[in-house]
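Below you will find the structure I want to go over with you.
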Amino acid sequence: MIRFDNDYAEGAHPQILKRLFETNEEQSPGYGMDRFCESARNLIRKACNAPEADIHFLVGGTQTNTTIIASVLRPHQGVVSAHSGHIAVHETGAIEATGHKILPLPSEDGKIQADQVRRVYEEHWNDATHEHIVQPALVYISNPTEFGTTYSKSELEELRTTCLECNLTLMIDGARLGYGLASEDNDLPLADIAKLCDVFYIGGTKIGALFGEAVVITNPALKKDFRYLIKQRGGLLAKGRLLGIQFETLFEDGLYQELSKHAIDAAMTIRKAFEHNAFKFKYNSKTNQQFPIMRNDYIEELSKKYSFHTWEKVNESESVVRFCTSWSTKAEHVDSLVNDINSLKRRE
Amino acid sequence: MIRFDNDYAEGAHPQILKRLFETNEEQSPGYGMDRFCESARNLIRKACNAPEADIHFLVGGTQTNTTIIASVLRPHQGVVSAHSGHIAVHETGAIEATGHKILPLPSEDGKIQADQVRRVYEEHWNDATHEHIVQPALVYISNPTEFGTTYSKSELEELRTTCLECNLTLMIDGARLGYGLASEDNDLPLADIAKLCDVFYIGGTKIGALFGEAVVITNPALKKDFRYLIKQRGGLLAKGRLLGIQFETLFEDGLYQELSKHAIDAAMTIRKAFEHNAFKFKYNSKTNQQFPIMRNDYIEELSKKYSFHTWEKVNESESVVRFCTSWSTKAEHVDSLVNDINSLKRRE
Amino acid sequence: MIRFDNDYAEGAHPQILKRLFETNEEQSPGYGMDRFCESARNLIRKACNAPEADIHFLVGGTQTNTTIIASVLRPHQGVVSAHSGHIAVHETGAIEATGHKILPLPSEDGKIQADQVRRVYEEHWNDATHEHIVQPALVYISNPTEFGTTYSKSELEELRTTCLECNLTLMIDGARLGYGLASEDNDLPLADIAKLCDVFYIGGTKIGALFGEAVVITNPALKKDFRYLIKQRGGLLAKGRLLGIQFETLFEDGLYQELSKHAIDAAMTIRKAFEHNAFKFKYNSKTNQQFPIMRNDYIEELSKKYSFHTWEKVNESESVVRFCTSWSTKAEHVDSLVNDINSLKRRE
Amino acid sequence: MIRFDNDYAEGAHPQILKRLFETNEEQSPGYGMDRFCESARNLIRKACNAPEADIHFLVGGTQTNTTIIASVLRPHQGVVSAHSGHIAVHETGAIEATGHKILPLPSEDGKIQADQVRRVYEEHWNDATHEHIVQPALVYISNPTEFGTTYSKSELEELRTTCLECNLTLMIDGARLGYGLASEDNDLPLADIAKLCDVFYIGGTKIGALFGEAVVITNPALKKDFRYLIKQRGGLLAKGRLLGIQFETLFEDGLYQELSKHAIDAAMTIRKAFEHNAFKFKYNSKTNQQFPIMRNDYIEELSKKYSFHTWEKVNESESVVRFCTSWSTKAEHVDSLVNDINSLKRRE
């Protein structure tokens, strides 16, 4: 079985394992105060062109989202998110477990737009009984989104402007950030992302690391006491060096960018095979997740050889599926899939 | 600088890194549903002689304590703990952040006794206004404790009996469990621990793993929906296989026991050196943490070469210090320390 | 200004004030352990034909909803509610502040139906990654709803059956319960309500009392330790007798029913005036809240003399408004409003 | 049975009931936006000599403590309190239920001193791993305390200075504030209390009202969005006017002071009777709670006629008891008790 069902099916890039091996016997202080973390922080600051940013390393995405949100909000405040946002759907109510409501916005493509955010803001403050309603205070977006789509620079700028005008904090869930940066449509380099939000994170788990998310806090008002929050939410790894070593490796010589590009190239090859064969797509994704619409018998046939996710039903005979590539996707697996896609249609 | 200041200063046992390397390219399902986790669960069930137990793998201790406690308690219930318990002191209020009060008991040696627990129970239920007071429902002990002391079989049996009589759940924080099992005084094999409590965990972070704690739930009433709780509390590792691989390695051929014994042997060698030179100890620890009382000038002298923790002041001229060994403590470091301890006194 | 804008604009029915006055000097134990509460509990058990029910008195609705929900749910569980449910909209995230997500269902009329609930249940348990999603465990309905609509007996029976089949708890927010019971369409007597859910409450604040909600727990599994929860959530009134005295007065000689009917009669008179003049309604309410659709200039004109709520815009020239009657609505105010409604149209 | 067991055994002062009756039919907006609340707020601002203070009315003490604390603290911060503080003992973990740890300080008399607070602060910040420990951020004191003792002006000034120096917020639980103000030893007028803390509240429930606590926020940094918090915590009374009417009545013509003095006079008469007969006291209280130490047979004898609280055992033959007076204590009950105290000893 060849897996295209997620982007965390393997371990880590061999270079990372090598570095873990090389440094294994070195003794270092715990909880992220080691030299590897310090070096990784500097590399990330540089990559983000954000010399003043605070950088923290956490183990996973749910932990990271929860910690950021719990740190930013007062008890009566909520977080605005696309209805399909990861925090709204797939974190078992972790955000609510910190006491905060998610204020969902409708979205076709996983993105939310500045005017939607402004409307939420205005509706709240125009309501005479607004004290009876959760106050919007933070805007959560993921980039790429859960549907593989990405924000353009102008979209993000508009969100940023709206947030500043409405006194809202803007955070970006970058669990798949590298795959967005490497997308051919992308006009948002890392430095712009750092500049256009208050806090975001750079996902490692899905891009070459064993695990790990690097939080970048650019807004000074959000920096205070963040390490307490990490500890309280269970995200302060005893052997924090493990995160430092991984992110140092990823950001030292462009490995993060390289691995991201690898996944995108694979995804685009698969996308083109579907396009070439006149398949339609549910979402216009130029990143590592592809959502073609297929006949159910085709799905059944491909399922014999590949594992992938059946996303949702379109009608009685067709469904949306998800093919997911990653930093470790093998060329021969892509070739095999392309062949099989081509042959599906040839038989018609 | 030779580190005796904690038991998580290095990476992992080489055998673990080797297995991570060997399995790195294998694709597996996420979130602990892989074959490594399944194998590790079976090995642990066998080691605990608890064929029906549920086993879950989490990344770190705070996360594990929080998840267990949040899963067991209703909102008005609290957890009884020694005043010095890790949850009461060093987790930045993680338990309170789940909504629960810790009911602290005085303790000289880090342990609590059955009669103390019974008293808490009786005081609560004898109070006419008990509904105004947090209800004790869970008893938390750590074994070994934060002071290196351990429970005897009879002590644990009494706690168990009391908990059963008082309808209290009993949990054991085993972040350093292996070091307790390997202690020369220990009369509590793993199977007895499994039998004498409702839920406990086997620490990997401090005993040979990169990270990881294995929760063992023996009380069927506590099993339901535990994975939801792990996910909600941010403890469900995407690449759960990393935990499976590590615990499989530790429990396959007795590596966990072997590494634990290594640390205890080193600790006993150091202990004997202190004893031989007539130092006194703050706590009667037979595990990997040793708490001798030293003159401050001796502490200063040793600090030039070794890092260790100054625990607390005894008087103007003496303090308690902590020397911590681990699975990876090097024989030459122990020898060096023993020599230096001996020479401290020789100079008098 | 004549107020039709809510049902809590005045104090309490004079009979209640009289009883407070008469009993004022009597000394009684606190926190609901007094003879008035005991008597009120018995009267309510009788009125509900639920001799085994536990009855508790709380001060207000938000408090009551929060306490019930926090008592029923484990941390990973959520509460299903109409999108428009009071807990989902107007309680400043009080439910989320207890850690629980609200799972909103679309609703045109404020009600949810059994098949919607079943779908939520099935979607959850059919999802392979359901542990990443909040588990539906409690169904919240309000009767009457926030839009004045009510459940029929068959609708409630279907909900009940579905909840039993899906292992879901069913709660009813009865902040305006009396107005539902007194509605001419109602086929759900109090005893049936008690029988067809696990827990509900009888609102006093909006029906003749100064304040107060009476929780009726019929499902024995939900009774345990409920008073702890009330205390923890700030709902245990020191002078609990105040609640006992009020509910005793309301349920002794049918006052609750009488006051409810008074409000409904007034509402129906107003409704008929609107109908007579060919106004349409947003919701088909037969209870004390009426939602006619009016031209904006009419709204402006009526606003000079009456206060009422402009609910939502229909188009550029029309809006939905809400007229609310209560136990204390005066006949001359209703007559005046009816005249003014009639004259609005006469002028056309 | 004559009750001296608490200060909330009766209803309210007749003047309050009268005003509730007189205003009963007036229609007013809800949630504290009415003219009575506005007037009461002004009267309290004047009484506190705090023209800029924000005043809010809540129903009860647990609610008020929870709301203030939840509003002030970030998630990783805790509240310093005497071990015997009401929040630490008698609120069923309501504070922990908002996510915050209480940091208890030892206290013989229910009070805490500035040097204790400073030590907590220094211990925290001097700890190298302070991020693993709950950060002290708020100091909670009650005045009078749960043991009837009161703070002197110099004690409160020192606390205030320490809090300012340590960047700690200072709150005062004034559930029995009037009884402290009326104490013969008191050198802290209301205006000084307002000046020497950041937020406090004036208890009505125990001093003449049916219920109600008036929160006074003098620190501008704590004012923002407080009404959201009240609503979220279930403390925003629909008919907020009831609180306005009561506090207006209490603060209009000095009724609050008068009722407080009444209770203190009664308490001092009882105290003198005990002193005259050479009884000792557990606490040196000059307020409405008196804690004499009595032989158990005396306790038994008095219990036939009076209800009072047996506080704690002193030895096999003696116990501490609590006699509580209030605004409504009757002169003939005090006289009767004094006679009986005198006769206890005469018989010896």
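Order of writing sets the labels: A, B, C and D. Residues in every chain begin at 1.
Simple rule for what comes next: contacts are C-beta pairs under 8 Å (C-beta built on N, C-alpha and C of every residue); 3 or more make two chains touch, one makes a residue touch a chain.
Note that the structure is predicted; figures quoted are calculated from it, not measured.
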>> According to the touch definition, list the chains common to the neighbour sets of chain B and chain D.
In response: A, C
> If you take the mean of the Cα atoms for each chain, which one ends up farthest from chain D?
Replying inline: A
> So how far apart, in whole Å, are chain B and chain C when each is placed at the average of its C-alpha atoms?
Replying inline: 50
> Taking each chain's centre as the mean of its CA atoms, how far is chain C from chain D in angstrom?
Replying inline: 34
> Distance from the CA centroid of chain A to that of chain C, rounded to the nearest Å?
Replying inline: 42
> Which chain D residues reach two or more other chains?
Replying inline: 75-76, 91-93, 97-99, 129, 131-132, 228, 231-232, 236
> What part of chain A is in contact with chain C in the complex they form?
Replying inline: 75-76, 78, 89-93, 96-102, 129, 131-134
>> Looking at the complex, which residues from chain C come into contact with chain B?
In response: 31, 70-71, 74-76, 98-99, 129, 131-132, 135, 225, 227-229, 231-232, 236
>> Looking at the complex, which residues from chain D come into contact with chain C?
In response: 1-3, 6, 8-12, 14, 17, 20-21, 23-30, 59-63, 66, 91-94, 97-98, 205-206, 210-211, 228, 231-239, 241-242, 328
